[in-house]
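Two complexes are shown next, each including chain A; its partner changes from chain B in the first to chain C in the second.
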Partner chain A sequence: MLEESLEMQVEENTAVLKLDGEVIFDNSNQLKENAKQKLSQNKDISRLIIDLSRVPYLDSSGVGVLLSLFKFMRSREGSLFIAEPNEKIKRVFDVTKMTEIIPVYNSLEEAVTQN
Partner chain B sequence: MNQSLLFLTVLMLIALGVFLVVKLVFLKKEVKQLKFKEEKSYQLLKEKENIIEELETNIKLKLEKARNIHQRMLPDKLAEPDDYFISDYYQPAEYIGGDYYNIFKIDHGALDPFFDQYLVYFFDVSGHGIDSTLLSIFVNESIENYFKLRHSPGEKISTSELMNYIDQRYQKEGFPDDYLVCLFIAVLDIKKNKLSYSSGGFQYPIYKLDNNNKLTEINIGGLPISTALGAIESERKEHSINFEKNTTLILSTDGLLEQSNGSGIYFKQLQKILDKYKFLPAPFLNDLIRSDFYNFTGDNPGKDDITYLLLERPEGEIINFSLDQENAETKKTEIMEFLNQNLWSGHSQLKTLKKIIINQLKNLDSEVKVKAINNQQLLMFGLEKENNDSGWETLLKNFPDLTSIAEMDINLNGNSTADILFNQAEIYFSHSSLNNRIFIMLIKEDNLNLN
Partner chain C sequence: MQKPELEEKFKIGCKAAEISQLIEKIFMVIEGSSISAEELKFNLEIAAREMLANAIEHGCALAAEKSSRTEKMGIKVMLKVSGKTLKLTVEDPGPGFDWVKYDLETMPVFEEKGRGLKMIYQVSDQLKFNSTGNEITAIFKV
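Now for the complex of A and B:
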């Protein structure tokens, strides 16, 4: 996944990070760094929604990226949400109980409207 | 007038000639300079290419070294309880993988006669770089430390406490927050026939084939170990699985189950294989999974480690002893008695099987461990030589008709799963990854997988 496949839109204190393509070992580090760099440019962001609607697959390194961003947001007393994961990724979240720490929503709209 | 015109024309031609000559000289000089620049650029490019090549070679060498370290870390031999068969398979990713597994007998010192427990664990750390090897070293060292510093002989071992110990150490080390460890850790209690375990991070289940021929998925998920999550003691619960006779557990990391062939992942196919060939003992089931998996992927090893482990407590009569020069004759008689027992001595291949075993047990130059099972469906004989430099080549030379599932072309049915009709006419052969142990199997009933 290249930098171009990572888009961030910000509205007030909410950022939507849209990922495109697989998140795997080969691209996970670059992706994490790019995302953190974008987030660091705007200190007002306290809600980060990661839109996974265009991510077909993520391996354990991909899960690592999400956990790293979870910690990043927590360190600025913010929160992280996941939106529109496919069934396979949703299953990963359910089985590994990550849903207990990171809220997962079926649609982006749902994630955006949550307080 | 005409002469002046002619003179002027000649003069102009001379001037043009001079101009052209000068121009040519300049152009030549320019071409020379360009060529020089091009050569210099080419040289620079070559130099850069060489540097990149050197760096790549260097990285490859370092990764290969780290891969060797990782492979050396894997145990030479897994401890195997008397009434169990343990069979493993590990294929590392291209350079380094993050998978590791081990089984060892838990030392209870002077209280050993009251306990018969084994620690079974496997883990997968994220990534496949040198870092993943360091992480593997860390997890192993933490387990070793726990038994050195925290556990006293005779004391109950709590797998959740052990996981918490590893988690706390991991947090203290401050590993990067995008790293994570998926860990399954269990105590196999032979006296209670129970496996108690805690785990975290795995998205795929393990499987249990039980004595009712039922295949059960056991979810071993839960949160992984990660500095992004911090220590999560309350999450590390302990669960248990009963290990009755005729039970096999199939443990695997994600590499095997996640591998795709373009139209699907191996996860679903493995369930079919386990269901269809549940009668097979662990070493042969291991071979079959391997053959079927590589058939499924078109021999593509994939990007992740392929690791799986089979723990079997078989039903039926089991013999288990060591054979050396001193007790050889007595034990050989015992083996023959074992082979002649039951109501199946009329098996067409029994004679050949006896020949193979006698052949293997003559001229003993080192200790041989014998472990065999005999039940209603099959007979499996395992021989293990500590020093087996020549491998089992002589055996295959003398008995070329032995059938190896690991090396055979498996027939495919419409679903592309292995379609092997196990039958009485064949003698099946399997060898361990270290090549120091062989298994020979006879089937007593044709087409067991159709039952």
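Now for the complex of A and C:
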């Protein structure tokens, strides 16, 4: 996943990180580093929403990226939410029990309105 | 011995970019068969993607450390349906690993790595390895 397939929009203390394309072992490390770099540039962000609406698939390495960002946000006493995963990705979350750690919402609007 | 109703062999290079296309080919073969269960397809895709990722990330990478002819390296994939089982086998060019000592059941909680094989174990009905550990077969009931 290249730099341009990762967009971040910030409003007050909330950032929406929109990913575009598969998140798999081949690009997961670079994606994680790019995301952390963007987040490090704005210390006011305390809520991060990862928008997966344009991600067709996310493998076990992708789950690792989400957990890494979850820990990154927790280290700055912030929170992380996931929005709009497709049915395949929901199944990956079920199998890895990721939903027990990170809240997942069916729509971006729903995730944005959570406290 | 029962004759397989379906048997297809595929080969890809050690490249992540070839995974999606191979998954499409596997699903095209399945579409032409009597298998229709959506749940099975979800599970098969998860298993196939993790098996291929492991083959590239570990098998190909370790093989490349011992040989300069990386462009000739490839991953062999076999899909076989017979009776009430579907078998997906992936063989990589690497030296394998000690699967006997590997814990397949405990899913990591906060760790960033170590989920791939456990996911395959979770979604399949049975998992088999060859003795050297460079060939894995996920078996599904159809």
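Throughout what follows, the second predicted complex is superposed on the first by the 115 of 115 C-alpha atoms of A that agree within 3 Å, B and C clash if a C-alpha of one lies under 4 Å from a C-alpha of the other, contacts with A are read in each partner's own complex, and residues count from 1 in each chain.
Basically, contacts are C-beta pairs under 8 Å (C-beta built on N, C-alpha and C of every residue); 3 or more make two chains touch, one makes a residue touch a chain.
Just so you know, these numbers come straight off a predicted model, no measurement behind them.
Novice: Put chain B and chain C onto chain A via the superposition and say whether they clash or fit.
Specialist: Once both complexes are aligned on chain A, chain B and chain C clash.
Novice: Touch check for A:S40: first (chain B), second (chain C), both, or neither?
Specialist: After superposing on A, A:S40 lies clear of both chain B and chain C.
Novice: Thinking of the overlay built on chain A, is A:E22 touched by chain B (first), by chain C (second), by both, or by neither?
Specialist: second
Novice: If you stack the two complexes on chain A, which partner ends up touching A:G64: first (chain B), second (chain C), both, or neither?
Specialist: Both chain B and chain C are touched by A:G64.
Novice: So in the superposed three-chain picture, is A:K97 touching just chain B, just chain C, both, or none of them (first/second/both/neither)?
Specialist: both
Novice: Give one of first, second, both or neither to describe whether A:E87 is in contact with chain B, with chain C, with both, or with none.
Specialist: A:E87: touches chain C, not chain B.
Novice: Among the options 45-53, 279-287, 297-305 or 369-377, identify the stretch of chain B whose C-alpha atoms clash with chain C after superposing on A.
Specialist: 297-305
Novice: Just to be sure I follow: which residues of chain A are touched by chain B in one complex and then by chain C in the other one?
Specialist: Shared contact residues on chain A (touching chain B in one complex, chain C in the other): 24-25, 59-61, 63-65, 67-68, 71, 91-92, 95-97, 101.
Novice: Flag every residue of chain A that touches chain C in the complex, lowest number first.
Specialist: Within the complex, chain A touches chain C at residues 22, 24-27, 57, 59-61, 63-65, 67-68, 71, 87-88, 91-92, 95-97, 101.
Novice: Note which residues of chain C are touching chain A in the complex, please.
Specialist: Against chain A, the touching part of chain C is residues 16-17, 19-20, 42-43, 45-46, 49-50, 53, 56-57, 107, 109-113, 115-116, 119, 122-123.
Novice: Write out the stretch or stretches of chain B touching chain A in their complex.
Specialist: 124, 126-128, 176-180, 182, 200-204, 219, 221-224, 226-229, 235, 254, 258, 303-304
Novice: Spell out the residues on chain A that touch chain B in their complex, using ranges where they run on.
Specialist: Touch list, chain A to chain B: 24-25, 28-29, 32, 59-61, 63-65, 67-68, 70-72, 91-92, 94-98, 100-101.
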